[in-house]
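Following this message is one structure expressed as structure tokens.
Chain lettering (A, B, C and D) follows the sequence in which the chains are written, and residue indices restart at 1 in each chain.
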């Protein structure tokens, strides 16, 4: 299968492409070509330059050096060459309906009946990629859950839109999808490539990469460090190539003892002192809402006590976490200001000390913590949000899918940090779309339709048990 | 309740209906062809100005110069368009293009629209003073005839409002290009990524605002028969209030042309309703504020907002 | 016989003491007339902003409310003509005063604003035989009254060529604005011998001159109580001498009686002229005494005054 | 060049240019007079501008249109309470501040409880305040007590007292914004209200405090202005509606929220006074004056923004 693909002219060819942001070499001389029928898995640590590579390919950024060409179509622009992108951060127009969003990327839809055509086309695309999706073409996007939006965006990426999609770039498309939906996407990618399309698939979930990629590229610090057919990699080999020495997936320790119950919610969610409680189930079934309610209920919009009772780690960075005008330093310390203030004034020496400490502890990739937070890659921004929460002494930490876009190596570090903090008596409530993370927990609540459908603990926490609890009532 | 969330237009319609019923109850004389026309004819230029403001709010900007612009247009219409129609037309066209250029500049240099339009309000005002240092001019006859025409059964004001609402609905909600324009307000980046020249879209939105501003100025002169440099200054705030009353939002490209027209009618009617109440002069001004608050509070009663921060 | 007739006052602005005095006079005179059974109603309406469009709507509402006469202090002499014509067509009598309208069907009780400007310069010419530089404080740009008074002042300066207008600022008829504008232009001006104003901004100008440490020029005042009090103070201290002139807010009562006469079927010419109210050095104490603190010098017109004004115009 | 990147630079450059142009007209004489006038009148704009700046820092859509009405109401009620009696200056100040607190509280109640957009809420509320001012005093102009009037028009070491009050308030605001926890909270809320709330910031308290601060500042300005100009008038605040917004944005504060700029407010306030003085001095009519003022405002914004972009 490989030789057939290689024979055709590549859809896109990069030669020595580089992109510099000031001193940062986000992309440092990459040569790469993608042929029809290929599914390219792209992996690398946070800030390796994956998103930058994608933006150079699709024309969003022009390279500082080197060239980007589209030999197969001979077109001058990515759009003309049939290159489509699904971006790491959601990029639909929330005020428009699903069908209207298709119209944005499908300029050829014209005439009086364009609405009907758009509806039909998007419905078809959704049916094809995500059978049984349950998304109406006339629904305004802002009424959809984050997973549904991601699905719409992927469907628009694959939709015919007048011309044919030759290369679809998916930048961490599964980060907010649950396992079942992600599975649907993976099988669609396989079908698409088999039919002669090409895909660049970026993910930090190595399992997914192995499941779909025909070729895997590993990036590190703006360079390609490995580029081989998928079959030549093992999981460990991949992790080594990325430059992380991942500790063995830590086995859950034998049942620990916990303190008194410190959290109870109307849904029946409980957590004890020192416990790591997971929230699982299909995406969009009320886990995030339950956590937000819990957090907003426990804290006040009117008072900020010196010792906060609870802190929050956001997963949807842009919406819930990052303060975009500020430096890394100020973003990291914003939650602990009352504690480090004297007579209402911030103690700036203490602040710098704490920020430097956490930069080291959590490995934020930056030279200077006074750089703007937006100069960090997605995953590194996420680490800042972790630092913000862990730096406070709040006894309860609420985490809303906090590992979105965090690379494998960092994840392991963070898991360890969480366990250490839990051992010191902190309680964690952790919603995740990834079963692997849920398995790190002491106790797991599975959500379905906004209610708890199962409570698992200890050895019961297995992928099968969780999946069956997620679907149980659906089948009934 | 979800009914109101789903059909945002219901609420503006309902507030207008209630206010209208109250007005008719207070002043039965208003319930006639003649009465309805008197109640609403001055709402026609306001409705057009509100649509103009909506075009700007649609792309996430706000226009603080609209009132001054409509005043300038009124001065041009009452002088040049009346005396030398061709020159007048050229000037009006130039004004529309100036608005479009403004949109392009704001986008290209990434300027805050609120400041640029604040500055432009001085410029428009100064130009208007040049044209009409003191009130005067007169409406072209055809315009006066058009604005005072008496169609059978339904008064001009109602016909005009329905036409404005219908046409702008087609233009901004139903049409493909209108959808893309709203997309610019929703997420300009994704529109740009889809290959649209956002700068031209912004220019188009501003150009539309300029066009409707010009129409507002013309309608106004047709009704008042003459102009002065300060004639429409209050349209700036009135148009913003109209867009919001009509269910629009300041950011995110959420606007409704039909709602905007209804908002303009509601604002006009609210003032009439108050004058039928015959309050003491001390409180007449305050009552206008109170009724604005009241009508908007209805939004709270019906549309439940996310409890989240 | 007008005991069943209803009269409304359409007012476009309430934001200064002149307008407040006007509203108060109308309330007193109108209220008295209602309780005497002369008319059935005399209601005052004020718009929230000083805008012709809003006032046009107000007039249209008055038509709907079935008033028999509307007396009108207009935001614009021409921009209300559409609404005024609607009113006339509906059989409503429209009497405009102070801010008059040009619609042919309406009555006008006008002040000769041009003469007001001219008289100021004439007075200065009298008092300052050797002439010199003048500072002009104008009102709100783009408004009819401002243009008229300004034209009168220009006429006056043309007639007395010993005067030149060294500087001109817009004071928007607000004391704070005038004070600020004068303070801003003063540093660049040569010696000023006289200040011509449009009323209500003389005190602001005086404050600005004082703050700049300049010699106090001859400032023509505008009948506000605080201006006159300042004048009296200066007079007592150093013999300061000037004059003050403006239209009396009580002209609303004149308009009321004129409207009543028209409704009564009397023959009334369309154009009436009302003299402005002038305060001189001799009448200063008298005027100060009769003006409430913080208000404006006023004259209340009676039915007989109205009849006299009508007779004079015939 | 670090200086060239300061957002407040351009308003100061423009103010200096307007000053120089006016002074050249007279060949240098009157410079100190002009500077004194600019400082004292600029101070009123700066005081209301500082308040408006805090509100604008709260992010898009946050603006207070009730400033003129609050100034008028505070001036009116304070002067009515004092009634020209000597020794009542502090009482009057207290009344003015109470009025500011009252209108701010009312504004925020509309914004918070009724969830009205601030533009509309403050606009509508200001009509009510205007009515209260009319009703309470019928437009009568009461003179301030003599001592207070002397203070308001007086000077100390050659700088007008009003400007000194303005400068003192500016220093307080500057320290709050740059150093205090409250300032951090305000700046964070302005960037992303939801994220700020989830980071544990008491965002409603911050918003409430800000909406109270702006009206208190407006009230103080109204009190001073009424004392400065010999009494409160119903229209005394009118010109500060656009002025308060203009000085904030010309001064380089981002309208998108989350960043604010105290020196810029002063530069812009001086500029707004000096540009009118300059154009008046050159004999420009109202039309020319407006057109040039508008053009210069846009010019400053463009200059400031292209600097930002090349950073």
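By definition in this document, a contact is a pair of C-beta atoms (placed from the backbone, for glycine too) under 8 Å apart; a residue touches a chain by one contact, two chains touch by 3 or more.
Just so we're on the same page, UniProt names per chain: A = Monosaccharide ABC transporter ATP-binding protein, CUT2 family; B = Monosaccharide ABC transporter membrane protein, CUT2 family.
Because the structure is a prediction, the values reported are computed rather than measured.
**Q** Between chain C and chain D, how many steps is the shortest route if every step has to go to a touching chain?
**A** Steps on the shortest route: 1.
**Q** When contacts are scored as defined above, which chain pair ends up with more C-beta pairs, B-C or A-D?
**A** Looking at B-C and A-D side by side, B-C shows more C-beta contacts.
**Q** Quick check for the class: compute each chain's Cα centroid; which one is farthest from the centroid of chain C?
**A** Using the mean of the C-alpha atoms as each chain's centre, the farthest one from chain C is A.
**Q** Indicate the whole-number Å distance between the mean C-alpha point of chain B and the mean C-alpha point of chain C.
**A** Centre-to-centre distance between chain B and chain C: 34 Å.
**Q** Find the geometric centre of each of chain A and chain B from their Cα atoms only, then give the gap between the two centres in Å, rounded to an integer.
**A** The separation of the two C-alpha centroids amounts to 43 Å.
**Q** Please tell me the distance, in whole Å, between the geometric centres of chain A and chain C computed from their C-alpha atoms.
**A** It comes to 71 Å between the two C-alpha centres.
**Q** I need the residues of chain A touching at least two other chains; which ones are they?
**A** Where chain A meets two or more other chains at a single residue, that happens at 296, 301.
**Q** Give me the residue numbers in chain B that touch at least two other chains, ranges are fine.
**A** Residues 129, 133, 284-285, 288-289, 308-309.
**Q** Please list all residues of chain D that touch 2 or more other chains.
**A** Within chain D, the residues that touch at least two other chains are 127, 130, 134, 194, 197-198, 203, 254, 286-287, 290.
**Q** Once you've mapped the touching chain pairs, tell me: line, ring, star, complete or other?
**A** other
**Q** Applying that definition of touch, give me each pair of chains that meets it.
**A** Going through each pair of chains, those in contact are A-B, A-D, B-C, B-D, C-D.
**Q** Would you mind writing out the residues of chain A in touch with chain B in their complex?
**A** 58, 60, 77, 79, 85, 87, 91-96, 100-101, 103-105, 107, 109-110, 114-115, 292, 296, 301
**Q** Would you pull the chain B residues touching chain A in the complex into a rising list?
**A** Checking each residue of chain B against chain A gives 174, 176, 179-180, 182-183, 185-187, 189-191, 193-196, 252-254, 307-309.
**Q** Looking at the complex, which residues from chain C come into contact with chain D?
**A** 14-17, 19-21, 24, 48, 138, 141-142, 167-170, 172, 174-177, 179-181, 183-189, 203-204, 207, 210-213, 224-226, 229, 292-295
**Q** Per the contact definition, I'd like the list of chain D residues that touch chain A in the complex.
**A** On the chain D side, the touching residues are 175, 179-182, 184-185, 187-188, 191-192, 194-205, 254, 258-259.
**Q** Within their complex, state which residues of chain D touch chain C.
**A** Counting only chain D, the residues touching chain C are 22-23, 25-26, 29-31, 33-34, 37-38, 40-41, 127, 130, 134, 138-143, 153, 225, 229-231, 233-236, 238-239, 273-274, 276-277, 280-281, 283, 286-287, 290.
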